[in-house]
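My questions all concern the structure below.
Chains: A, B, C and D, in written order; residue numbering restarts at 1 for each.
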Amino acid sequence: MKLRDLVVIRLGVIINLVIGQVVAALLLPLFLDAVGTILVAALVGPWAAITVGLVSQVLNAVLSGNFSWLPFGVIQVIIALYAWLAARVGAFRRPWTAAPAGLVLGVIAGSTAAPIAYHLFGGATAGGVMAVTTALRAVGMPLELAVRISSVSTDMLDKTVAFVMVSLILRALPNQLRARFPAHA
Amino acid sequence: MGFDVALRGLHFGYGSGPDVLRGVSLDVAAGQVAALLGANGVGKTTLTRLIAGLLRPRAGRISVGDWDVATKRPDEMARRVGYAFQHADQQLFARTVRDDVAFGPRSLGLGEAGVAGVLEELGLSAAAGTHPYDLPAPVRKLVTLAGVLAMDPGVLVLDEPTAGFDLAMRDLVVAAIARRAARGTSVLVVSHDLAFVAEVAGRVVVLRDGLIVADESARRLLSHTATLRAMGLRPPPAAAVGLALNLAGEPVRVAEVVERLRGVRWTPAP
Amino acid sequence: MSVIRLERAVFRYAGRPEPALTVERLDVARGELVAVTGPIGSGCSTLLLVASGYAPSITGGTLEGERRIEARRPALVFATPWTQLTGIAHTVLAEVAFGPASDGLPREQVLAAAHAALERLGAHHLASRDPALLSGGELQRVVVAAALAQQPDLLVLDDPAAELDPEAADRLYDLLGDLAREGRTVLVATPDVARAAHVATRALVLERGRIVADGVPASVLSETDVARIARAAGCPGPLPLDVAALVARVAEAG
Amino acid sequence: MIGYVAGRSWLHRAHPYTPLALAAAVLLLSFAFHTPVPVWLMVAAALIMALATGTIREVLGPALLLATPTWLVLLVLHGLLGEPPKAPFGPFLLSEPGVARALVLGGRIGAIVIAFLAALATVSPARLVDGMTARGIPFGPIFLLVSTLTFLPRTRERAARILEAQQARGLRIGGSPLARFRALVPLVLPLVLGALAEVDEQVLALETRGATSGVRRTPLDPPADPAGQRVLRLGLVVVVVVAWAARLTNRI
């Protein structure tokens, strides 16, 4: 792997880890913890993006102390590959093409996360998702379905916004930077 | 139009740490340009962030005109206090210089009428359609100053506004500040660049150990070698020429020294 | 024997058709301390990167013409020290030692080089500090020490005193003078013409990507406050650049 | 994050790989077991590890903070709302299989969190870098794992500065949901564009200092790795492999 790719991967991981701070300041019901992965997929390619995703997952565990969430790393791989394909077909060229592409990723990522959350964690995962799951279960929905619905619905909004953000970032790139990422140009 | 800025008995510290500022009182009147000096880490930037309402003091009061800063959100303060950050080039995001400079006025609902004039004033007209990140870092910093000036604030607070600038860019900043001060804007600059301070400020305030230890006319302080040396500083070049040649009236600005050198005979270069 | 030779060199950044730098000919000899000056955006930084061999290999873009560099891995220092940390060092000592350690030198030599470099920057008291917690000024000295620890033949600095207070900036420029006298070749770009002129053995002035003046600082530089005073007061050129030089030129007070 | 806590315990002095291997073994074994007793034996093992490192006080607080919300949700989802048969427990009717499942899931999380917090508390990042370097781990993986963490505080600081700068340009943080979504743009874009603009300088800094020299980097203070610890780590690998083999063949 080239030195430049390593530095861009580090940048992607740092964006994944820091953007939550901005989201929290705005009190938005989002994670946006894959914006760096999606961006690097579009700028560099699938391998770099997968690395961003997996390193983010490990460092998230190191920072939070919660290593039990490591199995969700597989979602990061899916996001990286999907975002790379989306970039190849030009989904990021406009915000309104990026939004539906992100929505579809939300369904895919949420559907993948649901069985992990159900089988490995019995539905007890991250804050917002967990609250929705509990509410649905309390009104009598079977647990497996409750986990799936809460997981998919939160991911749909999150990934839609993430894709729109990446589309805006790519559109805002200055010429000199754009020219430095042939995969994107 | 401008506002008097008044700080009264300010105490401030970060987190549960000790006080960084230990009772600072300071007035900057409308139309006055004051420079804030002091060693690195002495709390100059902290003081400026308090005035912009970005930090809240532990004790004391700050007023800008008839506003009590404690009662205003930072985005409300932006209507009166234009604050230029030291590493300001980190705040740019629009695709053209013109758009980025217009962000402040647009947020405040002021319209974009002033943008072109400010770009012209800072020599940025030719770059108006350029992406900010395609410009060298010092020019990006000038762009952020333009963004502040375009909001037409009655108070300007500038943190190291000329760091990394060449003389031509410094001249632009000096002229822009002077023009606003003449219209009544009160200005507080933090700077290590004493040549810039000499050109722009009428008054110099020195901060040490969380207290104001000197508050004098720029002319006095900048031509006082011993005081400056105690801060690790030297008189700026123009003042140094004045001192070396014993020129009358403690000149500290280039134009003042040139005035007093009229009639001097020069030897040819060696 | 020149350390750097450029001939009919034209450099373009990717995504920008017009050349960022055009050099008919440039020779820099061993032991020279060259101040590279010019209006912001005139290509000084680009010249440093081309002359040290890192453009286009790292920065992208294209270079036409001849270039020869007789120096082993030139060292670079920028105005923004936080971009120059490796991030894998948890102490200043380890940060400074990164260069020699990367060459696989024996541990004793690596540590000796790092200690010596910190000593020269007057930064030895920082050795056990965490680089992530340093102020801009402290960091700037650490970054210069890290460059020195590699004992480079060619040292290239782009506005290296941007984060320093005036006293520390003076000391840094004095150190550059010492390094040149030891036989290292130093290129420094800066808007602070007065400081650079004080120690440089040679100055280049760039405008729009071309070298428009090349010679001893006193004869080619004129963008200092003192020179402005002298010019406005009718002093014939070449203009004095600092206070002592101006005083020496005054034959008789008016 | 509790991070490194200085100390003189055996695990503090051990090669950094050893505490990490112990924590990894706890993680892999916890997922291998699926009945309450062995899972809670893993919790006990993690607690013993934390006790042995002398960091139990620093570890337990954050561990409970992480695990308790999950435990409560598990109790509600599986205990109160779980499948019959149900048995009375105080004023509540709790599902018997649900409680068993909650104990497994909750125990796993407890064991993993305690073991890794204890490992992180004993492994000094600087020693880990030296240990990996001495083992000949290439620059890339070390760089990605370590430099990302050391760059994080500066980037967080920068994000906070951007927030302030845009407020000082009149951006309101708050208001309607739509306004808050829109405010993402002036806050996120400068952070990303600024970081991208620094990539070339970062690459240059690493390149000029020989990051890609291809030579094995000299560790400044390589930690000792006695034979006993290498045997211990090998033993852990064997135990994990055996446990998973048993699990996959339905023997446990």
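As a working rule, a residue touches a chain if its C-beta (ideal position, glycine included) is under 8 Å from a C-beta of that chain, and two chains touch if they have at least 3 such contacts.
Being a predicted model, the structure only gives us computed values, none of them experimental.
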Worksheet item: Chain pair with the most contact pairs?
Response: A-D
Worksheet item: Rounded to the nearest whole Å, what is the centre-to-centre distance of chain A and chain B, using the mean of the C-alpha atoms as each centre?
Response: 42
Discussion item. Suppose each chain is reduced to the average of its Cα coordinates; what separation in Å results between chain B and chain C?
Written reply: 28
Fill in: Where chain A touches two or more other chains, by residue
4, 10, 172, 174-177, 180
Worksheet, complete the sentence: For chain D, residue numbers touching 2 or more other chains are 143, 147-148, 151, 173, 185, 189, 193, 197, 200, 202-203, 206-207, 211
Worksheet entry | chain C: positions in contact with at least two other chains | 16, 58, 60, 80, 87
Practice prompt. Once you've mapped the touching chain pairs, tell me: line, ring, star, complete or other?
Written response: complete
Discussion item. List the residues on chain A that touch chain D in their complex, please.
Written reply: 1, 3-4, 6-11, 13-15, 17-19, 21-23, 25-28, 35, 39, 51, 55, 58-59, 61-68, 70, 120-125, 127, 130, 133-134, 137-138, 143, 161, 165, 168-169, 172-174, 177, 180
Discussion item. Show me the residue ranges of chain C that touch chain B in the complex, using the header's touch definition.
Written reply: 16, 39-41, 45, 79-80, 135-137, 159, 162, 165-167, 191, 193-194, 218, 223-226, 228-230, 232-238, 242-244, 246-254
Worksheet item: chain C touches which residues of chain D in the complex?
Response: 124-126, 129, 142-143, 146-148, 150-151, 153-154, 198, 200-211, 213, 215-220
Fill in: Residue ranges of chain A touching chain B (in the complex, touch as defined)
171-172, 174-177
Worksheet item: Which part of chain B faces chain D closely enough to touch in the complex?
Response: 49, 52, 54, 73-75, 77-79, 81-83, 85, 87-93, 103-104, 107-108, 133, 147-148, 151
